[in-house]
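Shared between the two complexes below is subunit A, which pairs with subunit B and subunit C, respectively.
Presenting the complex of A and B:
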């Protein structure tokens, strides 16, 4: 297994290099260049040329790329043209916020989606199955921002139980932190739970048809053990796949939800950066999410090993 | 008091009153909820299983034999099933138990093993885990150490070599035979009174089947269990059962002692079933292949089979010439290392087939017989050797030549369910080879399809239907019609009748013989079923670990087998005659060896001795 993982890690390296090249070339696709932005609208051609030379924008692209990636690897993504803040530390300060939100949302997705999916599979075609299907359809169809606004209206404006927005770290102040995260996490989590439930249901339906489930019942095991041990473990592979994908999407920034609840996370940073034409910040976030996805895929591989012992002996 | 007891005991021994049965089934009927309402799938089934007795339920697919066993265990989906009648286990009624009480009976008092050892064990848990679960039902407080000790004891009991090292293994690390032994060990864990074995050896190779049957028999004696044995194989019935219950389409047709059922079957269906069973050695001195005698199931009247003409063109140039065919697969090794092992699937195999001749390739799973067939059509790329098909060099052929060549040789496969596209009508499936070779107009193709369907015994109108509307036997006929579309000279039939019921199998074999007689087809008949091979072949080649160990005329192979493996293969076939029960001493537990070799392995030079004209045996 260690050999397999080492190989996957090595495969991840070229993947990350390709991602970084793509991210770097994003700025080439945009009209104008950074020098225009820095110089402002009324600069003369000479000023622009001077800024270009100063920032090395005249160098050949490979040289520019190498410089950029060398800096990026040291956490240096340049300086925000607007706020004069360093982008690297800014991004790093947003990560814990988004990570907390993503973890909470994924937990809600798993806690609702898996049990609901299992029950829908067990009572297939009956009342509970239909109910869960309808609810999950609603969960998928309702737009996040709308649900967010409705929750703010109810819990913050009308009832006054929760803050309407902002973020407090739960590690600093657990109560206030939980209060600030509960609504955005629910909004994100319920939408994901719907997909999680559908996947769990179909995986469980397949597994429950298998011969070894009949064997487990013929052994006289209690139905609870048959479902939670024998069936669920084998249904885990698609669930793991979906969960890591969901987590990756969340880490790339829950753009709308962070905007609605004005949470200072990665998603909000992306939106701000795009509106202000801060290319370097957009690149930094894109590179980060690429990295997160690659790492999550690696994590998924490790989890597959746990769920499916056959993989462990595949390499002879 | 004690005197009274003594008299009573003596009286009992003298009169031998009927012993109370372990399992008593009375008027058992089961219905499934379908789109048309409740449909009865088994009707009024009644039988007993006495202490230490083995009762076999025998029948073809759809006879309801598995439903009977699942109804006894109450393992059918409770919402879509209705069970009536009575099932008593040692006098205790099971049908009225609460589901929790019934759960306690399962595994503890009645244990069950199933047909598919490959899928019946949970792939995600170790053998230790799965055996432990069963053992914990005996005593939930058993310590981990005690559990391990008992688990090893059980594995020893089912004669699994190296029991202690097996506990940490996962099912996929074991062969089918070993997995079925683990299933049996699991079933024995709680020392049940009754073991229900649902087709336990059907998916196993014949020599492994022999071992597992022997094992069940000896364990039954050791443990004093009763066994309810469900099977479609009359050979297995004859070998295992004290009494036999014959089922047909949900009804119990006949019940009696196994000796009586085989010697003097009362019901026409039983007679038909027995007549359709291929019996090894039934051919005697007969040189040519022989049709199966067909029996009218309603009347039990045996229709005499026509004589098979001699179809072999002995003087003609061989239709297929295979010389030193070798196919190896390299196993993916550890990351960053060179591959260390190769599967020598086919190693230095040579044979030829004359026009109109049937050569059978026999052997057990993994012996390379299917790879040989696939290599001939280049569905798998051989690593070496020469292949000449109808005068064309197959291995040197380019794309176009290969296409042409595939008109000469066609293939039919084992699973008629999987080898037809469910979304194509039967007509479209049969016409497909014509379309892809651009033969004829649409109208001509339709005529040709109708003619082909008629040829394989189906109605031309069936062309508009979809595969799911057909039975297994009919689908195999469709596959044969499709293979015939390009008028091939050779058909490679890879286990083509193995998945079919006995009576259907006999019909399809007869169809193949009929086509050989009328069209002069040659067959490469790949099969593990020795009795069918004996019927259909002119010549037989026995394969073991990728090599041919013996090849020769059919009569020579069956009457005078020279290689020890050929003898083992023939001996392992269950004889459908209770009077000839094999008396084997001890239970062998040999594993089939694998043709997996290290990359630097140099295959030994083989020498073949010609013991009789055309009869070659590998020298050991």
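Presenting the complex of A and C:
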């Protein structure tokens, strides 16, 4: 297991380095000079030259990259030119909000996606299967920011049941917290629930065609036991992998959801940074999301390894 | 060389007609094709269908609910929402098709060369693809669009670059399957160069997977363009775009809810159409995208 983990970590390192180079290179897309962006449109040549020297923008690119990544690894992404706050601590303070939202969305998608997918596989070709296919297709086609707007229109504006936006931590006030997070989490979880339905159905159909399922049925086992003990347990391996990998996608989807529901998380931070031309903050969020995804990939590999007895026995 | 490329033609034709038959019999795909075709017609014939100029403000008709004069109502500047939805189809479809074309042009040659050459080139190429794919699609598109500057062209470039790794991965995988086929060996044997083999044989044989991928990618690109426009990074006002219409509508939900319903419904239907079409093509060609 440790050897497997070490091998996977080794493979992840070059990917992490390339991600950092990619994110650093984004600043080269800026029209004009980064110093000009920092100084503003009406700055004098002296001011621009001073800023360029202060930020080391005259240094060769490899030197600039090494300085940037060294600082980034220590959580230093510079300061916000608007609020004068440090970007690193600001980003860290937003993570729990987005993490809470993404976790709630993942829970909703699992609660909807897995049972629906299992039933679609069991009743393949019948009404429920067709319904799941249609619902999952709608789920992946509906833009989540529009779904969010429609839910606000129905549940906040028309019915007045839920707040239209804002965030209350469920750890501070569970009732207000639940009320503030239920709509955004549902919106964020919809596309994943749709993907989960399709994936679970497909994984269950593959498992249900295996010899050991036929053997279990031939032994006279009750269908419920065949499904829950034999089929589902084996189908869960790819489902867990998908769920882990999709957690990164949820973090990305949070950008729009947080914007629609005015939730002060990482997603809202990146949108605000774009509006305020705080490019360092955009880079910080991009780098963080890339690193989180690689780590989730590693976690998915470990879970897959742990859940697959064949792989485990091979490594012993 | 002539014998090598001419021999499989009748078989190819048979396969093509079988795929076409399967596709035509696929009801959801036909529904998808009809939706897509309808939106293409709407985009092309927008000046004939739209009753008003999409950017014409009317201060006497600000935020009017749907009526006989304005089927979908009017927005915060008194502009006809129906006309703006009709014209908005142009930006969305153009963004979908052009950004996927950009992704195709960058990703496919990259993936094909990596898969065909193999070895160290493939290892390096895979790490680069992995790095691109590790950054969530929308975050990468937002970051690229933010640095490039807000405009429809830059949004299309950002979406294209963000989608390219997906095409590279598909092209690489399929090239690795195709390059060990006998007809590739035969081409090598008669002295055909690597570039010609890639262009004439490999590319032709991996096209079905790429077509399916492209159809599904257009759906994703349309949502992404709408998302960027919603965040102010796509089509700039006053030009109509479904995403920017939703952005403006979200601030006046309680007084003009109709302004939020129609652009979103248009995005949903277009994306649904491309998804149905892509799924149908996937089933008809019996490939995995």
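Basically, the second predicted complex is superposed on the first by the 308 of 316 C-alpha atoms of A that agree within 3 Å, B and C clash if a C-alpha of one lies under 4 Å from a C-alpha of the other, contacts with A are read in each partner's own complex, and residues count from 1 in each chain.
Everything below uses one rule, namely that a residue touches a chain if its C-beta (ideal position, glycine included) is under 8 Å from a C-beta of that chain, and two chains touch if they have at least 3 such contacts.
Predicted, not measured: the structure shown is a model, and the values here were computed from it.
Asks: If subunit A is used to align the two complexes, do subunit B and subunit C fit next to each other or clash?
Replies: On the superposed model, which is not a single observed complex, subunit B and subunit C fit side by side.
Asks: Per the contact definition in the header, classify A:190: touching subunit B only (first), subunit C only (second), both, or neither.
Replies: neither
Asks: Is A:200 in contact with subunit B, with subunit C, with both, or with neither (first, second, both, neither)?
Replies: A:200: touches no partner chain.
Asks: Does the superposition put A:180 against subunit B (first), subunit C (second), both, or neither?
Replies: A:180 sits against neither subunit B nor subunit C.
Asks: Quick check on the superposed pair: does A:293 touch subunit B, subunit C, both, or neither? Answer first, second, both or neither.
Replies: second
Asks: Per the contact definition in the header, classify A:136: touching subunit B only (first), subunit C only (second), both, or neither.
Replies: In the superposition, A:136 contacts neither subunit B nor subunit C.
Asks: Kindly classify A:212 by the partners it touches after superposition: subunit B alone (first), subunit C alone (second), both, or neither?
Replies: First partner only, subunit B.
Asks: What is the angle, as a multiple of 10 degrees, that the CA centres of subunit B and subunit C span when seen from the CA centre of subunit A?
Replies: 80
Asks: Using the touch definition from the top, say if A:260 reaches subunit B (first), subunit C (second), both or neither.
Replies: The second partner, subunit C, only.
Asks: More subunit A residues touched by subunit B or by subunit C?
Replies: Partner touching more subunit A residues in the overlay: C.
Asks: Report the closest approach of subunit B and subunit C over their C-alpha atoms in the superposed model, as a whole number of Å.
Replies: The answer for the closest subunit B-subunit C C-alpha pair is 5 Å.
Asks: Looking at subunit A, which of its residues have contacts with both subunit B and subunit C?
Replies: none
Asks: Help me check something: in the complex, which residues belonging to subunit A touch subunit C?
Replies: It is residues 14-15, 18-19, 22-23, 26-27, 29-31, 137-138, 140-143, 145-146, 149-150, 152-153, 157, 164, 248-249, 251-253, 255-256, 259-260, 270-271, 273-275, 279, 282-283, 285-286, 289-290, 293-294, 297 of subunit A that touch subunit C.
Asks: Please give the residue numbers of subunit B that touch subunit A in the complex, ascending.
Replies: Going by the criterion above, the answer is residues 73, 75, 103-108, 111-112, 114, 116, 119-126, 133-134, 137, 170, 172-173, 183, 186, 190, 331-336, 340-341.
Asks: How about subunit A: which of its residues touch subunit B in the complex?
Replies: 3-4, 6-7, 210-212, 214-223, 225, 230, 233-234, 307-310, 313-316
Asks: Quick one: which bits of subunit C touch subunit A in the complex? Just the residue numbers, please.
Replies: Touch list, subunit C to subunit A: 127-128, 130-132, 134-140, 142-144, 146-149, 219, 223, 226-227, 230-233, 246, 249-250, 253-254, 257, 260-261, 263-264, 267-268, 271-272, 275-276, 279.
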